[in-house]
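One chain, subunit A, links the two complexes that follow: it is found with subunit B in the first and with subunit C in the second.
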Partner chain A sequence: MSDTHPEVHEERILWTELLWAFGVGIFIAASLSMIVFTALTRDINPPSNVERVDPKTLHLSGEFAEQNLGTSVGSDGSVTVRMIATQFMFAPRCIAVPQGRRVTLRFASPDVIHGLLITGTNVNTMVIPGFVAQVHTEFARTGDLLMPCHEYCGLGHSEMYATVQVMSQSDFIPEADGRVSCAKR
Partner chain B sequence: MRNAERLCLAHFWVAFAAFLVAAALGTWQMWVRSPLGAHIGTPGQYFMSVTAHGVSMAYVLTTFFIMGFGYFVAVTALDRPLPGKPWAWAAFWAAIIGVVMVLLTIIAGKASVLFTFYPPLTASPWFYIGLVLVVVASWVWCILMLAAMAGWKRENRGRPVPLAMFATVANAVMWLWTTVGVAVELLYQVIPAAFGWVQTIDVGLARTLFSWTLHAIVYFWLIPAYIAFYTMVPRAAGGRLYSDTMGRLTFILFLIYSLPVGMHHLLMDPEHGNGTKFIQVLLTAFVSVPTLLTIFTITASLEIAGRLRGGRGVLGWIAALPWERPTVLAVGLAFVMLGFGGFGGLINMGYGMNAMVHNTSWVTAHFHLIFGGSVVIMYFAIAYEIWPRLTGREHSSLAPLRWQLWLWFIGMMVMTLPWHWLGLQGQWRRVANFNYADPIIASWGPLVIVSVVGGFLLLLSALLFVRNLIALHRSAIIAVRRPLYALAVHPPQRVPAALNGFGLWNVLVLVLMLLAYGYPLAQFAITPSPSAMVHRVQ
Partner chain C sequence: MPVEQPSAASDSFEVADEVSETALADVLRVVPLGAGVLAGTMVALLVLGYLAVYLLVFLPRGPVG
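Then we have the complex of A and B:
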């Protein structure tokens, strides 16, 4: 290997490297542009509401007290689900949600780290004690979906999951107090 | 070798013993999670096994291998004795004591918190203190690497530090930065909680500190593979390194960009806002630069080798490469796995797209493919390459070495491709068993079984690897001294100070870390978040 080989002249090597680096730059710019584009135009962002809640007292009063858990429809028609993720269950164990409507899901943990996803949807968040995790979504199809805890929370972690019942809009009828429960099967 | 053989071999054998045990545990875990092995074992046993698997692979295999390889490079690339060898042995024994403490607490069932801890869950304090000992040992190693390079520079003023050593020191400097996060988490938050001195933990802060370490640690594991790419592969293929400067630049970029990106592991966390998450996603995109540069430089180096061996045409040089040599075969297989794993990684870092894959089998597949695949297969290649130096003996046949590498590659692909698909279907990770009576989970059964087959191939390959090394120790063939490290096409005579040391780059790391982690950490002081009660696992 000597400098007389035209392929490996120092200038030639530098030229190929610069060309490649240019390609790498284009590749990175393109990937980042897609992320920025979807974030700005389609509102695709990670769940990041940074809202504090005390894990030691959240069960005593406020929105995560027992009587406020589950699905509720506001006077403006907005659908909000509140759930507790705790060792080793979700409370409530089943939630009812409407198909094709914007739903806000809010979670809190009184003990350790949990996390969840809903199979076949884009719902995915960590539930960190000290913070409220909030996700917005729209369920496309009716039927039952699995909602497992996806972060290690102790030896009973594998048994921790809930069911999401996606109802058609005609079946999704709130009671007088605005609450909707899972249908009995 | 100047009498560092025993030091290196001691480190390597601890690393590979841990590796073999961890491989067996991993296969067992896959078996009991599959429809084939459902109802075998208890969750307690499963999470004990997962903890042992993670700790052995991620902390013991890597740290011991990297320390042993660093000592080897310091002695062979610089061609001078290792400074402070008694310190190296002291660090080795401190790390051994640490590993024993960790293993005993795991076996006693008092440390089933996995290798990523998850406070406010807490294990026995001796589990964490054992890990701290391993980290302290690695700090001693870092200082010895810096001392070795400084000593060489004093004796060789103005000359460029050999690339293998430059890269090793880059890794040592990066590791010193990397361990700050987890060290603060353990010493300030988790160990006091484990002893019962405090009753609560600020979980958001703990996760943020751990994320400081969590990404760069992966590059700590990966850099030995890249050192082999740049300094061993071109020579093993019979060619030269295309560009020494590009090598230096790559390792400097790793130092700079692997640190301020750890919060991409927290994209789905509620304790950070979109602004700081997005800054780290931006920086994460640049982490791909050193890898993309490496693929170019190493492919060009291999092309030189292929053409020297008579390869013609656009792609003819590929067929002309000496694929029968284990190092060349390993780099080919590593690049394929790096390609698949790297693509998966782009999805992970994709900000919003992360929601599709976070904490699913997709992520498990990603890091098994990148670390277990590309990196560990290069650990094998390095071991095969340097074992004759360490033992003075030669492999009697290369066929079992090639078999072992192929088995590892096929096993890794058969295991991780189904995992990627299952992850997209929503299969979540870190569970002891699945309820296959559920129709959604039942539909995953066949692919889970395919991945178990991959797991058994990997175990077979792990056994064959250890067998190959033992066979070499017993080989009757005396090794012939041959050069280990590749020459560059244009070996550098002088390089700028910036490409021969790390002072300037440390300043840049500090600036980027302030930018990336300044506010995310400060927010826990500005608005203290409500802390969570400590939960013991035992």
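Then we have the complex of A and C:
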């Protein structure tokens, strides 16, 4: 390196590093702002729910007993879906949900770690034995959506999927006990 | 009597480049600019990809939480 102006090189390198750090700082601030903005204005958050459930007695009583699984509409009009993810199926295999209404999805597993996503939506969660996985969402369009298990859970993993039937408001009519089942097609 | 070994300098490929200190300094001065442009372009493409997925796929899929 030339002895005449080494300090010039040092200055240029420092300036370049500062410029890069400034650019990266702007990007980090912008992306964090976007995440906070959408969380506050559009209700888009990472699902976070810490709620314990005993996986050994899941099926015997409580909200995940067989008679309570599926879609139910509360007296206040809230829609809650309860499902069990087990090797190698979801119970029930089909759930009915209304279009354009807030839906609470609750999942539990009695055996191993499962995961699920609903195609075309942002619903994506793991189902860990011992915890209730809960996701809130709103379905924009009617139609049948695929809900596969996306966490390898054993040899039958690829056969583990369910169907989410999104119904229009007029078709989504609860029974007397508040339950809604998939339409026969 | 020691056996004469071939010198590296006798091979034309092994002879050190004849570059003056000034020319070397000139080359080194422009290297950070090129690296900066390359890294900046790649990071910009990455950021654009992230923004495209976030704005065109993630947000239209609706609320979740």
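Throughout what follows, the second predicted complex is superposed on the first by the 178 of 185 C-alpha atoms of A that agree within 3 Å, B and C clash if a C-alpha of one lies under 4 Å from a C-alpha of the other, contacts with A are read in each partner's own complex, and residues count from 1 in each chain.
Everything that follows uses one rule, which is that a contact is a pair of C-beta atoms (placed from the backbone, for glycine too) under 8 Å apart; a residue touches a chain by one contact, two chains touch by 3 or more.
The structure presented is a predicted model; accordingly, all values stated were derived computationally and were not measured.
When the shared chain is aligned, no partner comes close enough to touch A:I173: not subunit B, not subunit C.
Contacts of A:N122 after superposition: both subunit B and subunit C are touched. Once the two complexes are overlaid on the shared chain, A:I13 sits against subunit B and subunit C alike.
Judged by the touch definition given at the top, the superposed model places A:I26 against neither subunit B nor subunit C. For subunit A, the partner that touches more of its residues is B, with subunit B and subunit C as the two candidates. After overlaying the two complexes on the shared chain, residue contacts for A:A65 are found with neither subunit B nor subunit C.
Of the two partner chains, neither subunit B nor subunit C is touched by A:A183.
Within the superposed three-chain model, A:E51 lies in touch with subunit B and out of touch with subunit C [touch as defined at top].
In the superposed pair of complexes, A:T38 makes contact with subunit B and with subunit C alike.
Across the two superposed structures, the residue set of subunit A contacted by subunit B and also by subunit C is 1, 3, 13, 16, 20, 27, 31, 38-39, 44-47, 120, 122-124. The touching residues of subunit C, counted against subunit A in their complex, run 21-22, 24-25, 28-29, 32-33, 36, 39-40, 43, 47, 50, 54, 58-59, 61-65. Residues 43-44, 47, 112-114, 118, 120-121, 202-204, 207, 239-240, 242-243, 246, 266-274, 277-278, 281-282, 285-286, 288-289, 292-293, 296-297, 300, 304, 308, 346, 350-356, 358-360, 425-426, 428-434, 438, 440-441, 489-490, 527, 529-533, 535, 537 of subunit B are the ones that touch subunit A when the two sit in their complex. Those residues of subunit A that touch subunit C in the shared complex are 1-3, 9, 12-13, 16, 19-20, 23, 27, 31, 34, 38-39, 42-47, 102, 120-124, 135-140. For subunit A in complex with subunit B, the residues that touch the partner chain are 1, 3, 8, 10, 13, 16-17, 20-21, 24, 27-28, 31-32, 35, 38-39, 44-56, 87, 109, 111-113, 115, 117-120, 122-134, 146, 148-158.
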